[in-house]
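Take this structure, written in C-alpha cells, and hold onto it; I'll ask about it next.
We just call them A, B, C, D and E in the order they show up, numbering each chain from 1.
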C-alpha cells in the first residue's frame, strides 16, 4: 500500500528519517534534563538558603521561566544567544557569524525551563526529608558536607524521582517547540514529511505514536528507578518483619 | 577508670522566644554513672538533652565533655558555638538515641551502624563491619542486618538506634524516652540491653517514664520541674520513704496506682 | 560593514523544505523542488559554493538577520514591509492568485472562471471583482495569515464575507475539504499542486489575478548590508531568466511558466 | 527602544487577552470535570473502566497537544459520519474545537494529579469516617475530596499555569489569541523580539496573578497545618 | 436496663492470606460491661476490634449488635457484608477510638465532633453543637474547640477522639490502646474520662496495656493469645492468686517488675 510505503524504510519511505528524528528528540530532551538538573539544584539551593536576596532570586527565576511561554524563551536563547556569541567573537577579533548550534540552543532553552520545574521538585524533595534523620546525622558529628553527601543527596534523589518523571514528560513536549530553530527533531520532521507529501494526518498520527512510544519507554525507566529507590520503603508484600 | 567526670553541665539556660524552658540546670556524670531524668511532659527534659549535644544552643551556661569545654560565643542575646569543628568532634563522643529512632531510611541497618565510624571517625570499613555485627548480635537483631528501617518493628528499630549510637564508641550515651511507644514485651527487651550497658560501665543519661528502670538500673535519679532540677538523689533516697520531695511523690503517684 | 570584507566564496541558503512544489524534502532527507534546482543554477553562475539548509518558516527572517544564513529562498514575496527588515534580489518568479472552492460547491465556476485579469496595488472598481463580491456575499473565505493575498481579501471582501486566517495554506485547504469554509484565496501555482493531493475535490473559481498588485514577485532575501551578495545573485537571476532556465524549471515543477513577465 | 511601536503592539495584544482568557477558563472548567470522571473510573475498582482511564491518560499525557489539536480540528471533519451528524454544528466552530482539545488534554494531566491527592489521604482518616457509619458519596464529599484537593493543589496550580500557556496553540485552529496575534504581527513587521517580549509580559502577569491566587487558596486551606495561632496557645 | 446484651460475637475467624490471625473468638457484652482485652503484640486484639465494626471482614462467625445480626455473604472463601446500608447503620451505633486518634486533619475539633451527628445521623446542627460543647467540657478540652488536631498535644487529641465517638451516642464503645504513647500524666487524664464513662453505664471493650485500668475499672478481663481467648474472668479472678492461667501470669510478669 502507498501509505505503508510512505512510512516504511524503502527509498520513498520516511521511516528512517522519523526514527532518526525521534532519536534526536530523545537526545535533546536528555541534554535539557541534564542542564535543568544543574540549574534546578542551584535554584532550589538558593530558595532553601533562607537568605532573603537568594530566595528572591530563586523565586524570580521559577516564576519567570514557568510563567513565560516556552516558545519565547527558545527564541530568546536561539537568536539572542547567537548575537551574544557573535559579538563576543567580534570583540576577540573573529570576523563573521558564530552561531549557537541549533542543538545546543534548543537543549539550553528547554534546559533552562526544565530547571525551573526541577528546582520545585528538588525543593519539595528536600522538605520531605525527615528532620529527625538530619538531627541524627548531626548527633554523631557529621559535618555539613558529609551530611549533604551521605544523607541529603540520596534522599532528595529518592523523593524527586516521580517529580522528575513529570518534568521529563514536560521537557519532551517542550522539545517539540525547538522546531523553530530548524533542528530535525520529531515534531519538525513530522511536519516536513506532512508538508512535502501532503499526507498531513498520516504523519501527524505517526508522529504522535512515536511520542507515545518515547513516553512509555521513559515511563518504564522512571518506574524502575522509583522501585529501586523505594526498596527501603515498606511494601505490602514485605509487611512487618 | 571510675571517678573521671565524663560530662559536666553548669547552669544551662534555654529560651524559645520569651518562654524560658530551662532555667539553670547543672549536672555531673562520672564514668559509669547511669542517671535517670524524670519529669512531667513539657518540663524540658528533651530540650536539656538536645542542649548537651548542641542540637539546640543553650542561651547561657557551660558544657564540658570529657574534660573539654564547648566554646560558645554569646552575642546580643543569641549564642552559637565558636567552632563547628569542635561541635562535630564533641558530638562524635556523645551518643544520642532519639525517642523516634531517626534511623536513616535509605540505608540498611548495617549501613546505618557503620555510617558514623566509617565516614566520621574514618576507621577501616572491614573493622567497622565486624564491630557492627557484634553490636547487632548484642542487641539481638543480627538477622535484620540487611533490612531497611521501615521493615523493622518499633522495638527492633529502637535497638538498631542504640547499636548505631554505640558503634561510635561514645563516652556518654543520651537516651530520650527509649521505651515509650513500645509494647510491654519490647520495653523489656530494650531495658535489658540498657541494663547490660550499665553493667559494662557506660555513662548514660536517660529520659524515661519507666519507673522500674529509674529504680533498678540507674544510680541517680533527677526530677525536673518547669525547667529546674526540683530534686535528685539515689533511687533509694528518691523512691524510698522520707527523702523525696512532695512534688516528686505526687508525680510518681500517677504510676502503679492500681498495683 | 565588516561583512563587506567577505568575498562570498560560500553562502548558506535556507528554505522550509515543506512547501511543495517550491521546495520540499525527499524521503531520504535531501531537498528537492523548483527552488533547490534553481538555486544550484544561480550559485554556479554567481560562482558561489552554496549550502542548502532547511529551517522553520517562523524563525527564518530573524535567523537571517542574526547571521545564521545568508540567503532565504522560500517563495518569499517581495513586499514593502519586508523590505524594511531585509534586502531582496530581483524576482525569479511571479505567480497569479485565485480563489478555490470545493468542486461540488454552488460557488464553483463563478463568473470569470478561466479568465485572467491584471491589477495594480490599491486598484478598486474592477468589474470582475465586483461580480465576485455579489456571488460571495455571506460566505467564509480562508486565507493564510499575513500574506499579500490576505490584504487583498480584506480590502475587497472584508465587508461582505467572513474571513478566517490560517497559519498555513495547507491547514486552510483541509478546512476547505472539511467544509468549514467556502472559499480559499492563494497563489494559483500553490493551489494547482494542492488540488492534486486533495484528489481533485477542489477547483479554481473566478478569474486568475496577476500583476503588480502582488508586488514584484518572489525574490531571494538577503541581509540589507550584503549588497554585494545581492548584486551577484541579481546577475545570476537575470541570466537564468534570459536563457529560459527559469522557464524550463518552472514547466517541470509547476506545469506553467512562473517567470516574471514585467 | 521604539516606545511608540511597543505601546501599539501592547494595545493590539491586549485586545486578544479576552480570547485567551475565554479559552483558558472554559477548558480548565470542562477539563476539570472530565478529570473527575476519569479519576473516578481510574480508582473506582472496576478493572475495565480503570483500563480505559489508564489508556486515556496515557494518550493525552504522552503526545503533544499540537498534534491532538490538529487531529481534533482537521481530522474529525474527514469522517463523513461526523461531518453529517448533529455534532458538526459544534465541531464546525474553531473555538469549540480549541476548547475541546485543551480540555481533553488537561483532563489527562489533572486526573493523574487528583489521583496523587487521593493517594495522599491518610487511610486512617478514612477508617475513622467509616467507623462512624460514613460511606459512598458522603465519605467522598465530607472527608476524601477536601483532603485530597488540598494535597493536589500545588501540582494543580502548575497544571493551570501550563494550560494558560497552552492556549497559545489555538491559533493553529484559527482562534486568534495573544500568541497567535503576536505571530501575525511578527509576520507583518518582522520585529520578533519586541513583539514576543510584549506577549511574554502579558503571560507573565496573567500567570503571576493565577499563582498568587492559588497560593492564597492554598494558604486558606491549610489553616490546620500552620503554626499554632497565638490565641489558641495554652 | 442492665442485663441487655449489647454486643455478641460468635466464633469469629479472620485470616490474612494463609495466616489465621483470629481463630474463633466469642464474647458477649451486657449493658454497662467494661471488658479489658489484654494480649501480647500480634495476638490479634486490634484485628478483633476491627472485625467487630467491619473495618475488616471476618472470614467466618456471627456478630450481633444490640440484637441485630450483621448479615454477611460468604462466597468462595471470601466474605463481605450483605448490605452497606446495614453496615453504616451498625457502625453508627459502635463508637471506635483509635490508637492513633485519626482525627480529621482538615477540621477543627468542634467540626470533628459534630461531623457524624450532623451528616450521618442528620440531627439539627445547633443541637449537635450544644451537645459537642458539653462533651468537650466533660473531657476537659472545651478551650480547644476551634483548634485543629495538629495543634493539640497527644492527650488532648486522644480526648477529642473520645468525644467524637461519644457524640454519636453509641451503644458500645471500642477502644484500641487508648493510652499508649501518652505520658503518665496524660494516661491518668484519659483513664479518668474512661472511668467516668464506665460509671455512667457505657458498654466498653478496651484493648489496653494499662494493668491498673484492667484491674480497677473493668468488670471483665479477656486475655488473648495467638488468636484465641486464652483465659478470661473478673479482675479478681485474673489478678488475684490462683485463678489465672500460667500464660497470663507470665504475660503480666513483664509489668511492675520493679515496683
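Just so it is clear, contacts are C-beta pairs under 8 Å (C-beta built on N, C-alpha and C of every residue); 3 or more make two chains touch, one makes a residue touch a chain.
Owing to the predicted nature of the structure, the values given are computational and were not obtained by experimental measurement.
Touching chain B and chain C together: A.
Each chain's centre was taken as the mean of its CA atoms, and the one lying most distant from chain D is B. Comparing the CA-atom centres of all chains against that of chain E, the greatest distance is found for C. Centre-to-centre spacing of chain C and chain D amounts to 39 Å, using the average Cα coordinate of each chain. Between the Cα centres of chain A and chain E there is a gap of 52 Å.
With each centre defined as the average position of its C-alpha atoms, the distance from chain B to chain E rounds to 35 Å. Of all residues in chain A, those touching 2 or more other chains are 75, 79, 200, listed in ascending order.
Shown for chain E are the residues that touch two or more other chains, of which there are none. Shared interface positions of chain D, defined as residues touching 2 or more other chains, are 74, 78, 192-193. Checking each pair of chains for touch leaves A-B, A-C, A-D, B-E, C-D, D-E. Touching chain B in their complex are the following residues of chain E: 40-41, 153, 180-181, 183-188, 209, 211-213, 215-216, 254-259. On the side of chain C, the complex with chain A involves touching residues 2-3, 5-6, 14, 16-20, 24-29, 53-56, 58-59, 62-63, 66-68, 170, 174, 194, 197. Chain contact summary for the complex, chain B toward chain A: residues 53, 55, 84-85, 87-96, 98, 100-108, 115-116, 119-120, 144, 147-153, 156, 164-165, 168. Taken together, the chain C residues at the contact with chain D in this complex read 58, 61-62, 81-82, 84-86, 145-146, 164-167, 171, 174-175, 177-180.
Chain contact summary for the complex, chain A toward chain C: residues 6, 11-14, 16-17, 75, 78-79, 82-83, 86, 90, 95-97, 99, 179-182, 184, 188, 191-200.
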